[in-house]
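Okay, got some structures for you below.
Two complexes, one shared chain (chain A), two partners (chain B, chain C).
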Partner chain A sequence: MATATDVKKRMVRINGCVASAQAAKYADVDVIAAYPIRPYTATMMALAQMVANGELDAEYIVADSEHSQLSISHGASSSGARVFTGSSGVGVQFAYELYSPISGSRMPVQMMIADRTLDPPGDFGSEHTDALSTRDMGWIMGWSCDAQEAFDNHLIAYRIGEDPRVLLPQMVCQDGFFVSHITGDVELPDTGQVKEFLPPYKHPYPLDPRHPVSHGPQIMPEQGPPLQLERARAMEESMPVIEQVHEEFAKIFGRKYDPWVEEFMTDGADVVFFLQGAHAVTAKFAIQHMRDRGMKVGMVRLRTIRPYPTDRVREVLSKFKVVGVIETNMGLGSPSSGGVLYSEVCAALYESQHKPLVFSFMAGMGGEAIVLKEFYWMTEKMLEVQKRGKIEKRTHWVGFEH
Partner chain B sequence: MPTIEVQRQLLPILTSPNQGARFFNPELPSSEPFVPGHRTCAGCGPSIQYRMTSKAAGDNTILVGPTGCMYVANSSYLCTPYNVPWAHTQIGSAGSFTAGVAAAYEAMIRKGKWKGKFPNIICEAGDGSASDIGLASISGALYRNHDCLIICYDNEQYANTGIQASSRTPYGGMTTFSPPGPEVPEGKKLFPKDLARMMAAGHPHCYVATASVGYPIDLMNKVRKGLNNKGASYLMVYTPCQKGFVYETPRSIDLGRLVVECGLYPMWEWNPEKRSYDYSFRPQTMRPVSEYLKLQGRFGHLHAEHIAKLQKFANEQWRMMGVELPEALIQAADAKNLVNMAAAAEAQAVAETL
Partner chain C sequence: MSTKGTQIPEWLKVPFAGITPAPTQEKGQDLFPTGNWRSIRPVYRDKLPPCNNACGTNEKIQGYLDLVKRGKYLDAYALIKEDMPFPSVTGRVCYHPCEQACNRGKYDEAISIRAVERFLGDLGQALAKDVVKAGPSNGKKVAVVGSGPAGHSAAYQLARMGYKVTIFEKSPKAGGLNRGGIPDWVLPQDILDREIERLVELGITIKTNVEVGKDITWDQLKKDYDACVLAVGLIDPNSVRAEGEDKQGVHYGLPFLRDIGMGTSKVKLGARVAVIGGGNTAIDCAREALRQGAVEVTMITVEANPQEMPASPEDLHDMREEGVELMHGRAVTAVLGNGKIEALQLHPAKFSGAINASPITVDKGAKPDRFPVDNVIIAVGQRASLKWLPDEFKTERGTIKIDRFGRLGDTNFFAAGDVVQLGSGQPLMVVNAVGDGKRVAFNLDKVMRGEKLEPRTIPVDVIFDLNRMNMTYFPHFPRVKQELLPPTSRKKTQQEVIQAYTEEQAVEEAARCFSCGTCNACDNCYLVCPEPCIVRDVRSNGLYKILVDYCKGCRVCIEECPTGCLEGVPELDFDTGVVRMDTAFAISPGLHGRQAQELKNLGDRAPKEI
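Let's turn to the complex of A and B:
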């Protein structure tokens, strides 16, 4: 383990995109597949410069589409190379075909996503629908809320995904602009720390002429169920590894993250926000203000949505009287007629003896900031629901109601 | 860290005469990266091509198989015909997955993570993948010049899905998506996309060639030239499909000759150094297209005017290669000198076998 004297850490002020690029550099990736789309592009711009400067030895491929980006990543990962790719918005969806083949062939490709609203009508702003629409494709997935966490999550995700007990691809998501383009202080580690934490990628059965293997042959219907069961198990069995890797990360880098949820001012709280990603930063300020005024409000931020920590979410949320889910995604025609997080929360709480009242807020849509005033409004809605003892409706569109 | 130089292999060119497909040839490599036991149809042109191609490449090879016949019929879970590493990829990922494999080996060898000579990386894409859904991905791989060989095994249709028209299906070719009927007597109305020329014109730094299973030595040499070329190469191979073309099973190789002899499949090489086409390949004889068409049920519905159109198309191909046309072929491009393939009832009977 690196000792205190030979650790050369340094603080830099960078945005989320550059933090992701730095993480890829520290991970010494072999193949990078790029294709431009805002806002994640800045990550690939930074990596291109690192390769041009000779700071990073990698094959930097400018692909002809996102579909090709993911296919290149699939091929390179299948051959034994550590791969980095990324996208935003409709780009994430253009590559959709590849998500299941990559996770099904157990290739630990890493994809950075800086969220962007889907078309129509051509909105650059952050909305989580792009990545969330792929949530059931067998990728490990979670959101960061600032540049430092984005940097850390990339290294953590490589370590989890490449673990021979796991071998799964990872989507390391951050909000477009709120994280990707806002600078923050990021501690870049010593390369020795990264070496200690992240061993070289070694796939057990790569495409190597000296040990021929066939990847992805055609199967008969009766061969399908056992293979699908294996995939389901892979997701489930990654959970203890995820916990273990977070602990090791804390030991080596000194930053401790709960792998599943972050709780903020939940002690004594009656009502809580449940959300993912960057709006948690504003939520924390709002909650502090409201606590000062005596409102018993807190926040629970989901850090990993796939695999979904059902039991953990149930344990955490059962303590409260009201849960207000901040969606920041579109689930058109979903059970709540709002987003998709509501159903995930309700599913976790269904088996609970103490069910809080759950409803959702459509806030931060189209990449709009959720301002303090809106957090106060949402808190009042939650407190009203607590007082009334039942919800008014499942989904509130913030900014469209009084 | 100093980078390690990537070592590449060089395969010898075979010297046997071109026209000796059916006899033992001591010059042929003994390695069999693609072995029998798969589920392709009897007489399958693409699988004959697959065997020759992989034989020419040898054992230090990685094969990429986008969705198509050579994926579905070859690889059956728990058994595999591949003695070298093989991976399936999506039908639209032919060029991009292959590029990923090539890039991985460049980086891994350079960074000392894999030791050995750079492998032959071969993608076997069907014409549906190469000319339609995977066109952009192949163009990307050629443009970026990854060290790989992309082969289009051209059976002129989507065969694995049950014989549908691709943009390589010839004019008049009957498929389930281009059936003949009273309103559309010729079946397919469009002429095929000139895919190989498109690849040569758009990526002039690449070695590009056309070949046919009818000429195995020529095919294997083109494979080796493509692999020896440092950078991307593209090879388009005529591979008849017994099921879709509807012919007598033992005639696959004959069709591979006839299609060249009648001018419907021009054989050429694009030389990336000279930046020019090499049209020196000459079949032993030249024939009218009707001699090729009459062996195949998929053309059984054609009228004299349609055959004349195809002859005109073939004549243009000959001219493009700088071949002087004999009078007989010029005459054969006139519908007056031709007869219909079959009566409507007979043509219908063939259609029903599809």
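Let's turn to the complex of A and C:
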């Protein structure tokens, strides 16, 4: 058995899409359901090449829509196959019908998301609304901030989702372009490491003509609540599994991630950004600059939004005076009239004895980069609020205010 | 954790995330009963096929065709024997009302039921031992007077029920009309002999040369037997009331055939023979005349054309093929000749009202035709000879007076066959006499057991409408024809004209049956059910079961039932004690079901009492 000290690792410079494809290859997936939509398409292109070259022995099925992609994935997973699929933007939404059935029948399908702004009109840029709109469908969900993390998260997610205590589908999200199309150094592991980390998929009740079972039969109304309760329980009980899997991942691959939040320069910080995904990379540079200039600013990056680590978020954020939530998603008519993360943060903090002031920034919308000076501007806003002891308003549209 | 401390009650637990064992397994049924979605329930309700309905003795025709189709010949023979003692006979002589009623006749060609019946009858003849056994003796003795079709049938059924039966037959040989009314080239005598032997094998005593009223009296029958069935038939031929009918060379239909059948005939026919009458007996006489040496045979009828003749069209066709001429719209008014017949005097004539059911009007004013003949055979029906019968049991039309159960008053005498059916509107044919004998036997048995005789009250649903079946399942397919001897050679011999089916032909023909309204285990419902909620242990008629806890009432099986035996019955017609969707939402012992039950139990109580 391979161990972290005896491996044939190699460094490659690849983008997020290819990192995801590589992860699928290392996970030795059985079925790939593809349908093109930018920006995730590059992942499927890479996988198509791998299958064509014989690098990966998998059924590569070109679906006729995202709905079919997910239907194929559902069926394939039901029959005991490890499935990989993916999409972006409106494609994610076209498959919406399938998200609940897949988690409801507890099929650990994995879906790679490279975010894309929802229409209107056609905009290729990244915005998290596509995947976030499905956040309550019973899928384990979280964002990576670079290609390496994307690669790692795919392997971690399979391991969590296929755990017999969990059996839930996973959305492994990365920002379109900022992760999917920007190359970075990625360490590809030795296959032995992956074998050690990720055992073969085995569903307890696969579709098998030799052992007939019914999947998804019609049920009586009173049989609905128990099934929902079981699904809720699976989601909740996945939390210790998630933590355990991250620890094992660190042991085998040598990269340690906090499963729930990444804290950056939060020591002694008064104000922090709370965000998900790729903009954390820019944020870190900005925070270093500002720290150099004496501003007590830090960053908390949410790594897993479903299941939502309520207690952990409360614990972490209660230390600060001000939390500025960078949304990168649309929550039209939401409590903050901005995005949806604000409510998640506030809900976590409601029971806290030391509630920081919380407000949010609409930044990175439509796939715009959040540039350094915007981070400076947002930091100043947070410091102002800290000084005043009161928020000015719940949501600021960055770039549209002075 | 929100799910902490939660518990799912036992009765709502499922193995995993709504995944269940296969629903054909009982467990799955228990877990997800969806039967309450149903407003229509598929029910197997066999209808009476029109052939069974039309048959004079209600043979289970669809049933034995189906068995023949499956190669279960012995079972088929046993089934036919429930209602028909001699399928080898009716398989040859029957005028097959079943085939006239056959729904397939409206589609392409009727099933050749008689030919299949003959196939089975001949199979039965070849058996060393018959499948039918006499019932355990009940110690009762029954006399059957007459060994024709009705007497034969009654005796047969009574013996099966355990009666000690004695048949009295006036002639030297048993068989009655089967022997004396049907020519050998239709029914070879050895076939009939074998069927009579079968009666003896059942323990029936046959006493020939015993004439009721002469050798045995009414009082003797009454004294010596617990009960009696009178199946004496119609013996005396009707006259045409023509002048000179007593001349030499004048013969009557049934006696003519009977004497040939009994081997006692002394008739020598001349070259030119006329047959008077347009019925089936007249046709048999005309064809027999050819075989008895006649060269020119002419059939003279009052009916204005062949279509009006009360005869089997097939037999009429075969007769004309053999060269018999037809002369219509004429009645014999005198037999001319000096002591011996030389010619017939014919006048134009017609029925005064309905064909064959009204007096004949003869146009005496018209100039008569002289039709030279050497012999004439008069075949215009028969009448009963009932001098021995107490007057109280005689009807005005010279038949035996019976109630609707075939019983003579409150006596233990019953009557069956032509002697009661003449003029009743029933066509006089062998199969009707057989049916009559059978029903009378069952009624007699009821009386013997002290049971009340009651008319049948269950409504009978006969499928006549092809739309009640799914015709897409039946490709058009021609009838398998029976071979016939060529007309030129056959008309000089006593050889059987119509040839038997081969086994392959019988199976092919039986397979054409629609099985109208009756399950024939085609498995279609089993195959088309979108959910596996039709089950069967073995592939056999009537053994399918609908899992009502699971059937959603989608109607697919009903629509796709080729025979129309599956019916959609409104769920409300069933008193299953189940709370259904229209009253609540669940049939399982779940929350909704229990709540609905509680609501139901509230009944009419006023709100304040609750």
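Please note the rule applied: the second predicted complex is superposed on the first by the 397 of 402 C-alpha atoms of A that agree within 3 Å, B and C clash if a C-alpha of one lies under 4 Å from a C-alpha of the other, contacts with A are read in each partner's own complex, and residues count from 1 in each chain.
Just so it is clear, contacts are C-beta pairs under 8 Å (C-beta built on N, C-alpha and C of every residue); 3 or more make two chains touch, one makes a residue touch a chain.
What you are looking at is a predicted structure, and each value in this text was computed from that prediction instead of being measured.
Once the two structures are overlaid on chain A, check if chain B and chain C clash or fit side by side.
clash
Could you tell me if A:219 is touching chain B, chain C, both of them or neither one (first, second, both, neither)?
In the superposition, A:219 contacts both chain B and chain C.
In the overlaid three-chain picture, which partner chain does A:61 touch, first (chain B) or second (chain C), both, or neither?
first
Go through the superposed model and pick first if A:12 touches only chain B, second if only chain C, both, or neither.
So A:12 meets neither chain B nor chain C here.
Would you mind checking which one, chain B or chain C, touches more residues on chain A?
B
Going by the contact rule set out at the top, does A:210 touch chain B (first), chain C (second), both, or neither?
In the superposed model, A:210 contacts chain B only, not chain C.
Based on the superposed arrangement, let me know which partner A:230 touches: chain B (first), chain C (second), both, or neither?
In the superposed model, A:230 contacts chain C only, not chain B.
Mind working out whether A:281 is in touch with chain B, chain C, both or neither, as first, second, both or neither?
A:281 sits against neither chain B nor chain C.
Who does A:106 touch here: chain B (first), chain C (second), both, or neither?
In the superposition, A:106 contacts chain C only.
Figure out whether A:81 sits in contact with chain B (first) or chain C (second), or with both, or with neither.
First partner only.
In the combined picture, which part of chain C sits where chain B already is, 241-249, 349-357 or 529-537?
529-537
Could you list which residues of chain A make contact with chain B in one structure and with chain C in the other?
The answer is residues 105, 212-220, 223 of chain A.
Please name which positions on chain A make contact with chain C in the complex.
Residue positions touching the partner: 104-106, 167, 204-205, 212-223, 226-227, 229-233, 236-237.
Spell out the residues on chain A that touch chain B in their complex, using ranges where they run on.
Those residues of chain A that touch chain B are 30-31, 33, 57-59, 61-65, 67-69, 71-81, 83, 97-98, 101, 105, 200, 206-220, 223.
Report the residues of chain B in contact with chain A in the complex, numbered from low to high.
Touching chain A: residues 1, 3, 59-62, 64, 71-72, 75-78, 80, 82-90, 92-93, 95-101, 103-108, 110-111, 113-114, 116, 119, 136-137, 139-140, 143-144 of chain B.
Looking at the complex, which residues from chain C come into contact with chain A?
So the residues of chain C touching chain A come out as 1-3, 6, 8, 12-24, 28, 31-34, 36-37, 552, 585-586, 588, 590-593.
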